[in-house]
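Some structures are shown below for you to check.
Each of the next two complexes has subunit A plus one other chain: subunit B in the first, subunit C in the second.
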Partner chain A sequence: MTGPVGPPRRKDPTRRTRLPVTPPGNRSREAHGLAAMAAAGRFALQCCRRCGHVHYPPRQLCERCLDGELEWRDVADGGRVLAETTVRHANDLYFRERLPWKLGLVGSDAGPSIVAHLAEGCERGRRVRLALHLDRAGNAVVAASPERDASRDDPRLREMVFDPRGRRVLVVDGTTGLGRHLVEAFLASGAREVFAGFSRPWNRSPDLAALRGREGVSVYPLDVTDTDAVEKLAALIGDKVEILVNNSSHVRMGGALDRLDFNITRQEMEIHYHGLLRLAGYFGPVMRARGADGPYGAVAWVNMFSAWSLVNNPELGTYSASQAAALSLSHCMRAELAAGGVRVVNVFAGPLDDEWHQLVPPPKLDPATVAARVVRGLERGLEDIAVGAVAEEIAHRLAENPKEIERSIRL
Partner chain B sequence: MDSRTGEAGILARLLEGLLSGRIRIVDLTVTLDQRTPTIVLPPELGQTWPFRIEEISRYDRRGPATYWNNFSCGEHTGTHFDAPVHWISGRDLPDNTTDTIPPAKFLATAAVIDCSRDARADPDYLLTVDRVEEWEGIHGPIPPRSWLLMRTDWSLRTDPEAFLNMGDEGANTPGPHPDLIPWLISERDVIGFGSEAVGTDAGQAPHFPIPFPCHHHMHGNNRFGLPGLCNLDQLPPHGTLLITAPLKIRQGSGSPLRALALVEEQADD
Partner chain C sequence: MSGTRPPGGTAPRTGYDGVAVCAPVTVPYRRYSIRSAHWFCGQALAGLLARAGIGKDEVDGFCVSSFTLEPDSAVGLMQHLGVSPRWLDHVPMGGASGAVALRRAARAVQAGDAEIVACIGADTNHVDSFRRTIATFSQFANDAVYPYGSGGPNASFAFLTDHYMHSHGAEREDFGRLCIAQRRNAAALPHAMLRRPLTMEAYLTARLIADPLRLFDCVMPCAGAEAFLVMSTERARALDLPHAAILSTMERHNAFPDDPIQVRGGWAREVDSFYDMAGLGPGDMDLVQAYDDYPVICFMQLEDLGFCARGEAPALVRERDLTTAGDFPFNTCGGQLSAGQAGAAGGFLGLVETLRQLTDEVLGTAVEGARHGLVSCFGMITYDRGLCSSAAILGRSGA
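Let's turn to the complex of A and B:
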């Protein structure tokens, strides 16, 4: 696995598909702190609150002053390669398939010396940029890439991101502005083909109309409330989908007491929760089986959630609750898809500037912005992507004091 | 059999007619599936559930000897029966729900007027009093307590998009002219109005002076609707007996049903 990956090719049907295996998995409880940072794309390390010492790998006590108060802080991501080595033999199945593999010791600008995966061009003495990534097992690792001119085609880095280039993408709902911009953003990122779903064909959608006939795009009927429809589409294109983006959404006002309507709440659950479940049930197994199907194998399942899936906004109370149900389901899917090295990416977006958020005060998100952020996040290998001021604030306040935000959140 | 005379009774003769083919059964019902179109309303209004189905078991671990399904849908899905309580004009009438309508009303004759050429030329075609009178001049009057069925061949549009035929200003589907319904009630005493489109009213009926006149007047006079029919091309202008029993839903405003027509074949001799 040296040199850049070539262009995607059609599959040789006489060849046994490579079974997915994942890198070694066990990590300490402290080390999972790195996963949280990697998930959000931060380069943050444990720092001692008392003496400021920066640690890697994570530990329970400060190695310098033995204080127990270590906190995660964003640190400088530069460094210099102190030593490099090329692994040519490994007993671990995952690395065995991907040999030779370059590792090195990097003296980080933040302090500690860090054993990191080295991308092409990271020779001894070179300045590098460090990043926390999640490997195919979902565990945090440090990777170093050249400070300048890092290649998107580096096979070792591609293992740690969800690069759409050369891959085939299913955007579940192509009838909305967000759906259309997602398709466009994936094409711009180099996706090989984009499938866009649509439900209720009699609802004439200008966004879907713009996608029809577009080169590299094909549209298919897909109603996530219809088990039969999901099964049929999975039978048709399931073994081609390498990135699936579930952007189906049903936004309605109402809470548990005010404006309660069981027809609406059922529809919310049918679309957000059961819809995701139907997609998981029919597209998940084949995607999991294709996690190692060449350099362009199945890689990521993306869920577009509302930021209110994280904390209930009572004015959209039942909507928020159904989003939370789907969020919980995504964690189940993450565990189940992990066996194939396929990773679940959750996007948390604030309210979109669309017809269902007319009375929501700004800031509201341009669907094009959201789409660009999603694709950029996949290119970087993020697992949790908060888009926009509302989502970022919710994530921040939840970490700070969940009771505070629970009591004060309103539109 | 007549218990006193020993002669074959009416029911026995009916059965004999069915078995011998003298009486033909025409199924006027579309098959329910997940593609069955339902009425399209502005998305902020309450919505009817589409037909959905989930397998319970199919001779598998969930039920080794059994195949069966759960299904869900709105009361007004596919070929269905509109009860008077469906409309606000009929809400206070007696016996106006699916469980209280006298069952005898589920059997009635039908007059079938062929508007298929008109609907092909104009999807917004409206059936007028003049047109019905012209038809009566040829075929004879609509008898009292009979359905009037409007044949448009709209049911041949099996693609849901073509069937609903939504445009920028709503649906473009045929139906009765606003003046026809009051006339059918006062002058012909019909039991109800049936059609092949998604509802008994025309697609543009929300914009009529009295919106949805077929619903408003028919139900306001304790009469019924029978939309979503098919196979009307197999019925004669007169002489059809319709069997249109909805599900007995408590306080039901309607229900999908199996609409059957009995047609007496003309004797060969």
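Let's turn to the complex of A and C:
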């Protein structure tokens, strides 16, 4: 794997599709702390609460003062390559199929020496920027890139991010306000083709009309509550989808006691939970099988969730509950898709500034902002993307005290 | 070089008077085996008993080192071997285990805790066992090395070699000279994995493994065992066993944690007290065995143990003749680079070979008139550096 990846090429149907294998996934409990940092795009290492000593690899106590409490802190992400090698013989199948593979021992500015994947341009003696990424098995790894002008086409780094460039993307509900912006953001990021699903053929949306003529975009009917429709579309384009974005959403106000309306709650579950299940069942297996299908193989499944999937907002109580159900299902899918090296990315967005959030007070999000953040997150390889002040605050407060937010989240 | 720590202990050390090392035993190496590590340990013990002419029950101490006994340790092995020792040690130090086992056993004998200690380093090598060993080598390796290219020790030593070459201007040919000389020493060793002479051209143009390392820089994993006995000099004489004396030993672990990359091992911290104990210096050594899974680590041992200044090992291998007939006999059975790396037995190879040379039980070629031999051991790269360093000086009995 040297030199930039070339442009995507038409697949030769006579050639066998390479089966996905994943890099070694045996990690300690402590090391999974790195995954939490990688998922959110942070470069954080364990620091001693008492003496501040920075540690790597992860462990349970301070090597300097033996204090038993280490905490994850953001640290300087610079470093210098002390030594480098190009591995040309690997004992693991994943790397064996991707040789040669460049590695370095990097003296980090934060302190520890770190074995890291090296992007092109990171030679011995050079300054580099370190980042935590999730590898194809979904585990955290450290990668070093040149301080300036890191290439998006580096073959090793591409293994650790979900870059849309050159890939084909299905946006479920691609003709909503947010869907339309997602389509544009993917095109701007260099997606090879975008498939936009639309669920309401009776709705003469100007967004739908605009997308129909858009170059690089094709529009398909796709109602996630209709099993046959999902199956039909999967049969048509399922083997071409390398990034799937589930943007289906059904926002209705109301809680459990004052609005006993099972039509609404059934619809919420049909769209958020069963809809995701249908997509998973028909698109998931093909994507999982195509995880190693060349440099542009299937790479990510993106769920557009509300931040209230993380904690129930009683004003949108049943909506939050159905989002939480879907969020739980996404964790199941993450484990299942991992076998193919396909990662599940969950986006937690604050309320959008649209008609369905009319009664929700600001701050509300411009769909264009959300779309840009999602695509940028995929380019960086983030697993959890919190968009907007509301979502970020919910994440922080949940980490700090879930009982507090449970009691005070009302609008 | 930051974080230089104070030298080793300052309290006076008791010598190993009255302790004898004897009965060098090698279970011939093979590339792969369907036998277990238990089998190789058992064959080694049988070899020790036959060599010493004693029964199983007379061995009352065991010191064992092996990677592939899992899920057993030395404990379960005792039941396999049907022995009931009153002193048992398991040394999980891989390449550093030989000299460590020796110094543990010597103290036990000296103190009367055991009379005859069998020190055994043994491993098997099934078709997939090397991959399994390196894939689960340590927590740090699992978390922070193996998922990076899965190159195992090849990648780790590639870093050390790359850094050494650029710090000291060493050339590939310098490492080649060492490998070629060792191969010549292996020519007469019947069970060596690699015995055919190695040319510089073949060395320089061999298949790249992990730049700058090529094929002949890397040990070949194999199955086998090395073993020896430790007992009182009196007992050795009574058994009519040729034996060697222990003049000094050392061990040091995780010696320089603040060095950003390994440029030295624990030998550098212990070197003065190590030679003081023997009352000898580097110039008194008639032969040197250094742990050699990759040539760069030989260079560090030569430097740390005072055979040359830091960064001068390339000049040493250019100027001296490392063969058994030369002026600096080094890894006189060809080392692991020729004989193969039988797992933890690799940590015993240098010690057993030194013992053979000093008791005239050589399998390959003898070094004429050798009286003092230094053996240096190194092992356990659990993350970015080898943690365990050990060494010993053996003397011909009566020398």
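The definition used in the following text is that the second predicted complex is superposed on the first by the 411 of 411 C-alpha atoms of A that agree within 3 Å, B and C clash if a C-alpha of one lies under 4 Å from a C-alpha of the other, contacts with A are read in each partner's own complex, and residues count from 1 in each chain.
The working rule: a residue touches a chain if its C-beta (ideal position, glycine included) is under 8 Å from a C-beta of that chain, and two chains touch if they have at least 3 such contacts.
As the structure is a prediction and not an experimental result, all values here were calculated from the model.
Aligning the two structures on subunit A places subunit B and subunit C next to each other without any clash.
By the touch criterion defined above, A:Q267 reaches subunit B but does not reach subunit C. Touch criterion not met for A:P314: it reaches neither subunit B nor subunit C.
Of the two partner chains, subunit B is the only one touched by A:N203; subunit C is not. By the touch criterion stated above, A:D226 is placed in contact with subunit B alone, subunit C being left untouched. When the two structures are aligned on the shared chain, A:S113 is found in touch with subunit C, with no touch to subunit B.
In the superposition on chain A, A:Y56 makes contact with subunit C only, while subunit B stays out of contact range. Of the two partner chains, subunit C is the only one touched by A:L103; subunit B is not.
One of subunit B and subunit C touches more residues of subunit A, and that partner is C. Contact with subunit C, but none with subunit B, is seen for A:A83 once the two complexes are overlaid on the shared chain. For the three-chain overlay built from the shared chain A, the minimum Cα spacing from subunit B to subunit C equals 40 Å.
Counting contacts by the rule stated earlier, no residue of subunit A appears in both its interface with subunit B and its interface with subunit C. Taken in their complex, subunit C has these residues touching subunit A: 130-131, 134-136, 139-140, 142-152, 154-155, 158-160, 162-163, 166, 207-213, 257, 260-261, 383-384. For subunit A in complex with subunit C, the touching residues are 23-28, 30-31, 56-59, 63, 82-92, 94-95, 101, 103-105, 107, 113-117, 124, 135, 137, 139, 141-142.
Of all residues in subunit A, those touching subunit B in their complex are 201-204, 223, 225-229, 261, 263, 266-267.
In the complex of the two chains, the subunit B residues touching subunit A come out as 33-34, 37, 40, 46-47, 49-50, 52-54, 160-161, 164, 166.
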